[in-house]
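Shared between the two complexes below is subunit A, which pairs with subunit B and subunit C, respectively.
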Partner chain A sequence: MGIFLAIQGAASQGVLWGLMTLGLFITYKILNFADLTVDGSFALGGSVSAILITSGFSPYLSLVIAFFAGSLAGLVTGLLHTKLKIPGILAGILTMIALYSVNIRVMGQANIPLLGQETMLTLTSSFGLSKTLGSLLIGSIFSAIVIAILYWFFGTELGSAIRATGSNEKMVQALGINTESMKNIGLMLSNALVAFSGALVAQSQGYADVGMGTGTIVIGLASIIIGEVIFGKRFSFWYRLMSVVFGSILYRIIIAIVLQLGMKSTDLKLLTAVIVALALALPVINEKMTRHQKRKINRLQKKTEANKKASIQ
Partner chain B sequence: MKRNVFRILFLSFIVVSMSGFFLSCANKKDDKIKIGALQLVEHVALDAAYAGFVDALAEEGYIDGESIKIDFQNAQGEQANCQTIAQKFINDKSDLILAIATPAAQAVANLTETIPILITAVTDPQSAMLVKSNEMPGTNVTGTSDLTPVAAQIALIKKLVPEVKTIGFLYNSSEQNSKFQIDLAKKEADALGISYLDATVSSSNEIQQVVQSLVGKVDAVYSPTDNMIAAGIPTVAGVLNPAKIPFIVGEEGMVQAGGLATYGINYYALGKQTGKMAAEILRDGKKPATMPIQYLQGGDFALNEASAKEIGIIIPEELLLELGK
Partner chain C sequence: MIALDTVHKTFNEGTINERKALIDINLKLEEGDFVSVIGGNGAGKSTLLNLIAGVYEVDSGHIYFDGIDVTEEKEHKRARFLGRVFQDPMLGTAANMQIDENLALAYRRGKRRSLAWGIRPAEKERYKKELAMLDLGLESRMTTKVGLLSGGQRQALTLLMATIQKPRLLLLDEHTAALDPKTAQKVLELTDEIVKREGLTTFMVTHNMKDAIRHGNRLIMMSAGKIIYDVRGEEKRKLEVADLMQKFQSSAQDAIINDRMLLS
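Take a look at the complex of A and B:
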């Protein structure tokens, strides 16, 4: 029973964080750009949503505004990178630290409680759902919608151009496409989703805090990689998008389970690092293993050939 | 092919962990009172509060491992973990939850309205919306506030440096608790006719530069119970002590780390007070809703003698007497 509840709780958190992971997937996997802005834009989404809710706006409208606020953050990173030629990682870091101050400006303080305020969970709890189940339901609905939209978008001419930019920038430039704007659009879309996810998480956990984005990039990367390792790169693009969200859920479930098993929470970061390192090392390990096998096969073939020759002689 | 093998390994890891859990569940049938303790981050003051909590419960006859079982978890400063841990405590059907620091308390309070929650190291539970009012919580949350005797600390500066004209207020602009205390400190400084300079930092890397910018401009520096400054005390003292500027701080842990003096909250005593409240809930069946938020009575005067020697400051006799108590 306990484990079932733990998985339920983890899934509800994972699905909300899954939207952030989808955003990170766009930059990390599609654009091939490690975007560190997300630590800041996640908290930005939470901050924007929280301040709007406490000033009497509808929680749904606050999600929309958080989405656009996030896209602005992405645009800043994009402009720093494309126009001012600042290396991608550094551009992300710069926006991330700037957002720390921005978030405090937005909230006017470091922490806004949402306990007892109207959030999107007010609606689900009016159907008699617990906060955990409500978050799970809302997260699943939004994930499904976002996956559908992303699948459609990356099939359009613009979306394909963004994908191509990530795979082979020079080639795309040769085709007469402005890769700078492709990168900017990708970063805007990505950070918009990250902020949207931050807004959902803030509403679900009952507060927004300037520190709520800490570690977002690592959580996101771990989720993407776990999803890829477990579900593989099969079928088509929608399957990869889904595996990203499932990766995020699995990441949370792994953490919830090891906590339930009694692992010290102080070892969590080590665990995360080990999971990510293992998953990242997989391609290399695979390659070494196949090379080793090939060598074995070659040796066997040579032996049999030699045997054949010997038998002929 | 190999990829599949890893995939299977990964899944089996999860399955094994799950079955391990079921087994451990089956063996763990005891009637101990379950207490979940969630701490936001490793920090001298927060660790001390937790130690005080455990010791107070032991004094009241609730010894960890005997009649109670405390499940202590630290969120490592990652707030997503706060929620996962809070969910774990609720799934485990804890009888009581201790939450140390504001985001931890908010995460727990958001998820349960029935399990009694004790909070500590939260400066103003009311503005964090954890309780309806500090005098009469009206929710399942109560506990202790770490509001420091700010006024007494500013008065202490006046006692140590009678000719003080300007105080530098050193704090992290993003910590709500710090801003709250600085506002109180400014009021007190205004009342005493002392002027002040704000020196805010937003990351621990900035501490050194910001402190250096104060040298020559102020006669004393004051920091409230600010987590970032608390972690960077050696840096601050490393600049201020050679410059012979007294550094008055918000709590005792910061004095031990190199600050000159404080009238401060003792987080261990605060944790103890919280533990006593927990015992009242467990033994006497009191309800958090009717238990007012408690404050630590009276500050402890604390002095770092090494820093005092380095600055070459003479501590008034009456303060030294308080130290002996």
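Take a look at the complex of A and C:
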């Protein structure tokens, strides 16, 4: 029973964080850009949402504003990279560090509790749903909507141009597309979704904290990779988007199981890092294994041939 | 229609690696010209092409397309005039996108990218017809990822992409140099066919003297950043490799004829 509840909780966390993973998918997989801004923009979304709710704004409006705040964070990284020619990873780190201060400024303190405030869960609990199921429902609805929108967007002329930018910048320029704008748009959309996810998570867990985004990038990467490994990546685009969210859910379930087995929660970041490192190393390890095996087979063949010759003589 | 007016380009100016890549280039391409540009390594032929494309900025001088001064325009803006094929077959196409998606991107060259759907059904019919003319069987593989095609197929596709939205000038940057001889021949034939059919003005940089003689109505030879020879029409038709060799040797002090040009 304990594990069932834990898995239910994991699934609801998974869909809420899944929106962040979808955002990261845009930069990491589509634009081919390792964007570290997300650690900051996730917390930015939570901070913006929390301060707005405690100031009496509607929790839904706070989600919208968090979305736009995130897109601004993405734009900052984009401009640092495209206009000032700062390498992508460094541009992301700079924005991420800056956002730590910004988030504390936004909240006026390091964290804001949302106890007794109206959040998106107020609505679902009025239907008699528990916090967990409410989060799961809301997260699923938003995930479905976002997947549909992303599927449409990346099929449009603009979306195709962004996809092509991640694939072959030189070509895209030769075809008259401003690759700088494409990168900026991609980064804005990505970080908007990340901040949106941060706002949902803050409302679901009942507080926003300046440290809530720490390790977001690694969690996102782990989710994307788990999704790819389990569901494959050869299928159509909407299937890949779905697998990203499922990867996020699976990641949470793995974490829940490991915790149930008695692992310390402070060791989780180590575990996540190991999972990601292993997954990223997988293609290299695979290649080495097959080469090793080929050599082994070659050696065996030579041996048997030599034996044959020897026996004939 | 395309004019270069006293264009200069120096790389690493003021350093020990300073290299004058182009010196006082004046060049006018007439409508319908098919120019093949030949020269040794470091003669400045690729630099010239890249200056026209906007990859590099000129140090001084002006570049005009149809009388419009584009000297200050960036690469992606100038693309509305230009179709380009690169030396590296990997550079002209997006590997993880489908053949029809690549064509659709190219079809919108120089246009604003809107939120309209990326490929319209009517376009697909057109792409199918155009692909069939390449005679590589690609018309039945429209949804194949381009990364799965061979270098020659990719280069042929790039050629189609460069011309599907008729360019004012087609820029070919040693576009057969990375292909095996047979494929290179096929791609060159395709080039001739498309250029003739569409009546394109073409600027083809090549390493290969025979190709330079065989293709186009005008030949430019470059050496040490200057245009040293410019023939067209009847005079060009009568050219032979031996003539070009002589030109090379007599003109430039530092022009080294490399093995590739001799053997190919």
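Keep this in mind: the second predicted complex is superposed on the first by the 287 of 313 C-alpha atoms of A that agree within 3 Å, B and C clash if a C-alpha of one lies under 4 Å from a C-alpha of the other, contacts with A are read in each partner's own complex, and residues count from 1 in each chain.
Convention: a contact is a pair of C-beta atoms (placed from the backbone, for glycine too) under 8 Å apart; a residue touches a chain by one contact, two chains touch by 3 or more.
Because the structure is a prediction, the values reported are computed rather than measured.
Undergrad: State whether A:175 touches subunit B only (first), subunit C only (second), both chains, or neither.
TA: In the superposition, A:175 contacts subunit C only.
Undergrad: Quick one: is A:123 in contact with subunit B, with subunit C, with both, or with neither? Answer first, second, both or neither.
TA: Neither partner.
Undergrad: Just checking: does A:75 make contact with subunit B only, subunit C only, both, or neither of them? Give me first, second, both or neither.
TA: Neither subunit B nor subunit C is touched by A:75.
Undergrad: Answer with first, second, both or neither: which of subunit B and subunit C does A:98 touch in the superposed model?
TA: A:98 contacts neither subunit B nor subunit C.
Undergrad: Of subunit B and subunit C, which one contacts the greater number of residues in subunit A?
TA: Residues of subunit A touched, subunit B against subunit C: more for B.
Undergrad: Please name which positions on subunit C make contact with subunit A in the complex.
TA: It is residues 53, 74-77, 79-80, 82, 84, 86, 90-97, 101-102, 104-106, 108-111, 113-118, 161 of subunit C that touch subunit A.
Undergrad: Okay, in this complex, where on subunit A does subunit C touch?
TA: Within the complex, subunit A contacts subunit C at residues 153, 155-161, 163-164, 167-168, 170-179.
Undergrad: Could you please specify the touching residues of subunit B with respect to subunit A in the complex?
TA: Those in contact with subunit A are residues 2-3, 6-7, 10-11, 14, 17-18, 20-22, 24-25, 42, 73-85, 87-88, 90-92, 102-103, 106-107, 109-111, 127-130, 173-176, 179, 202-203.
Undergrad: Using the touch definition from the top, list the residues of subunit A that touch subunit B in their complex.
TA: Going by the criterion above, the answer is residues 2-3, 5-6, 9-10, 13, 17, 97, 100-101, 104, 109-111, 113-116, 131-132, 201, 205-207, 209-212, 214-215, 219, 226, 229-230, 232, 250, 252-262, 264-266, 268-269, 282, 285-286, 289-290.
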